[in-house]
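Just below sit the structures, each encoded as structure tokens.
Paired with chain B in one complex and with chain C in the other, chain A is shared by the two complexes that follow.
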Partner chain A sequence: MPNIANLLICLQQADSFFPSGAMAFSWGLESLVKDNIVTDIDSFQDFLEAQILYRWSSFDRGIISIAFKAGNSMEQLASINSFVEAMASPPLLQEGSRRLGRALVEVYVKLGLEAAKQIQLHLARSSSFIHLAVVQGYLWPSLGMDESECHAVSAHTAYTSIVSAAVRLGVIGHLDAQRCLSRMRYLLEKVLLSPVPNLNDLSCSTLMVDIATLRPYEQGSRFFAN
Partner chain B sequence: METNEEYLSINTDNKSFPRSVRIGIGGPVGSGKTRLLEQLIPRLFDKGVNLAIITNDLVTSEDAARVRRSGLIDASRVIGIETGACPHTAIREDPTLNLQAAEDLDQLYPGLELVLIESGGDNLASSFSLDLVDYWIFVIDVAGGDDIPRKRGPGVILCDLLVINKIDLVPYVDVDLNIMVTEANKVRNGRPVMLSNCATGEGVDVIVDVVIDQLSFERK
Partner chain C sequence: MVEVSVTNHDLLEQIYTIDSNKLQVDLNFERSHSGSTFLSRQYVSYPFHLGRTLNHLTPTGATAILQSCSGGLFEHERIGIKIHACSNTTAHIGNAAATIVHTMGNGYAFSSAHIEAESDAYLEYIPNLTILFPAARLVSEIEVVLHPGSIVVISDGYLSHDPDFSDSAFGFLDVKLTVYDEKRSLLVRDHFNIEGCIWNRKLSGLSGSFTAHGNIFVLAKDNDIKKLKYHLDNLITQIFNSCLRVDIGIGILPNRAGIVVRILSDGSALLRYVLSEVLKVLHQQIGNQIEVVLSS
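Then we have the complex of A and B:
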């Protein structure tokens, strides 16, 4: 018998209706579309799998677990947050992770979640910022979510926001979007059942995307923040 | 499972002043939202209002760049928000980044009294989240047709102030302004409807008075 209460909590956090700010980020997709590198469902699926398997699965998932285990230790959270910063993703991707981390904290503060108030207070005192995966691993347990639920919801929000961006950029239609989501669900099931990578094994490298986001905005106006 | 009882309570603390008052300006593409903004800024400065601007254009920075270039306001007081091609979502279902920007402006400019938040051009169904703004203005224009109020779009019906802009174009676009105003008043149940020509500033002084009144009201 599944834990219905937890299932409902997960669905609420994973819903694109949850106000996370994610709709403003394409994670490099917009640049690759303008470059005519991502042009159809096949090239988009490659992009999506690279982002989820070689960034989220190999990096964010491990960060979530470390933050999850840190409990209420602000010291440990600061340490893992510094690690994320030191991994030196391209600035636009780092900035996106920081902005969405802050957004998630602020939304939960406004919703009255005590753990969010604590981290906001800590951030204000230390004049620092926090990355999205760290916030997810720290805050979601206070809603009652277990570690694997945190992983599943984080992965779901990551790939649905990218697929949604692809629809808005006209790369795929609404049915192909669902086909992409189904395939990602199939691939992620295997990932989520495998051991979580250790800190020393974490990596995030999607070179084509990284380079695309490093280029100046010579391509003119943009819809997305990255 | 541990539950956070405080989290489960209904939290209504969305207007924890002191913070700046936030007024939204929405409306269809090309109705004159940015032009209204450009007319409001100098008049509000003349009245001593400490203000800043957030724009939500379809593309990242078009309207923000226009307002900055205008020289009407310190460029650092103008923030352009990315909407991911979803201008309506950015002001209603997920105004997170707009709220961040407004809070950043409050921190950057102590004593900030007013933030004007211009939405991206959208359709008649667009409206602002009441957790984002304290008051919102919806701008339509006569060139859109005199049947616009009759269509009862949520923007026309729900806004605090409806502005019918470009009244100078009435002779050229085959519309009946009287019908437009009458029907706007009818669908809005008597809530305010104002007329303007934001190209010249005609009618804007009255809108400024409304904004000032709103500032005083929210500050009480």
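Then we have the complex of A and C:
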């Protein structure tokens, strides 16, 4: 019998209606659409799979688990965050992660979550910032979510925001979006049942996305923040 | 509460647990009284051979070419390299040819390099490309310690090679770079890994239809890299506009620890070309800086 209370908590955090700010980011999709690399549902499905397996699963998921186990220690939280900050991801993607981390903290502060207030105080004192996966792993347990629920909600919010970006960029339609989400669910189930990578194994291998967001010659205006 | 102290110590343990008895190469560069760089210590064992030191970057810099007589990397092989550059030295370490990683059973080949540049040293570690044969499995780690004012340039390049055109892929590639400052604080971490079967799927967002990829890292804590970035931006834009079979980007590294240039290309020749063009600009732009180092 599933824990209905927890299920409802997870659904609330994972809902695109939740004001996390994630919808402002395409995670490199916009650049690949401009390049005519992602043009239809098949190439988009490849992109989505690459993002989930070689960025979210191989990196964010591990960070969530480490933050989840940090307890109430701000010192450890800062340590985890500095590790994320040191990853040689493209600045646009790093900035996206920081902005979403800060936005999530601010929303939970407004919702009255004590742990979020602690983070906000810490950030104000240290003049620093915090990454999205760190916030998710640190704050969601205080809502009662367990580690696997944190992973599932994080993955869901990551891939729904990318699918939403694809719809808004005109790459796929609304029904294709649901087909993508259904296909991803099977892949994601396997990922979520596999062992969580440890710190030394955390990696990001989305080469083409990284390069697309590292171009000095990016042309035209952008719809998304990254 | 579970211990999750991650800043540096977990990672550092890996650096300093590299068993010095298992190193195949251990080099130390020092500055002579005349201002030139010389190799003050060299330990080189199978499969490597080190030729005499040459002048490549500047008349007073030292160039060391590592040659391998084993024909590449084989299953279960472990290669350990340690390079140390003392203050105010200028050195370049390269190798004579591409490294083939041969077809393997279930095992891996491991390569590790530990590089330390003391204050105001300039050190290049620019090996040739690594060619991954079908079912080759390689784990490569490079760890760098940067002291104030030092510059370390590292390049890598990997080609997926299928000599029989049988749609075979390499087995696994895991490439890690970790950079610390002189206090052993973590500055940069880059970790890429992929299975060959995934690479061969040509996924949008990962490798696409490209067969080779590489990076140049210009690691330069406390150095002004804006001018260098400006010139590299121009070069990269030119290359991208003139060649459809290359994708290339450039970015500032975390903690303002330098620049990375990332390249995807169709074949090794293009990758080599782009790497060499980037190095040319680098040498033009930091040439003055090298002279400053040597004359200080």
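In this section, the second predicted complex is superposed on the first by the 223 of 226 C-alpha atoms of A that agree within 3 Å, B and C clash if a C-alpha of one lies under 4 Å from a C-alpha of the other, contacts with A are read in each partner's own complex, and residues count from 1 in each chain.
What we mean here is this: a contact is a pair of C-beta atoms (placed from the backbone, for glycine too) under 8 Å apart; a residue touches a chain by one contact, two chains touch by 3 or more.
Source: prediction; values computed, not measured.
Colleague: For A:17, using the defined touch cut-off, is the partner it touches chain B, chain C, both, or neither? Pick first, second, both or neither.
Modeller: In the superposition, A:17 contacts chain B only.
Colleague: Please indicate which partner A:127 is in contact with in the superposed arrangement: first for chain B, second for chain C, both, or neither.
Modeller: Neither: A:127 stays clear of chain B and chain C.
Colleague: Check the residue A:83 against both partner chains and state whether it touches chain B (first), chain C (second), both, or neither.
Modeller: The answer is second: A:83 touches chain C but not chain B.
Colleague: Count the residues of chain A touched by chain B and by chain C, then name the partner with the higher count.
Modeller: Between chain B and chain C, C touches the greater number of residues in chain A.
Colleague: With both complexes superposed on chain A, which partner does A:70 reach: first (chain B), second (chain C), both or neither?
Modeller: A:70: touches chain C, not chain B.
Colleague: Could you look at A:37 and tell me whether it touches chain B, chain C, both or neither (first, second, both, neither)?
Modeller: Second partner only, chain C.
Colleague: Now for A:47: first (chain B), second (chain C), both, or neither, which partner does it touch?
Modeller: A:47 sits against chain C, while chain B stays out of touch.
Colleague: Using the touch rule from the top, collect the residues of chain A that touch chain B in their complex.
Modeller: 3, 5-6, 17, 19-26, 99, 102-103, 106-108, 110-115, 142-144, 165, 168-169, 221-225
Colleague: Sort out for me which residues of chain A touch chain C in the complex.
Modeller: 28, 32, 37-38, 43-44, 46-47, 49-51, 53-54, 58, 66, 69-71, 73, 76, 79-80, 82-83, 85-88, 90-91, 94, 199-217
Colleague: Applying the document's contact rule, which stretches of chain C touch chain A when the two form their complex?
Modeller: Going by the criterion above, the answer is residues 1-2, 4-7, 10-11, 14, 174, 176-177, 186-194, 198, 201, 203-208, 210, 213, 232-233, 236-237, 240-241, 247-255, 260, 262-264.
Colleague: Which positions of chain B touch chain A when the two form their complex?
Modeller: 1-4, 6-7, 9, 11, 13-14, 58-62, 81-86, 89-90, 93-97, 99-100, 103, 131
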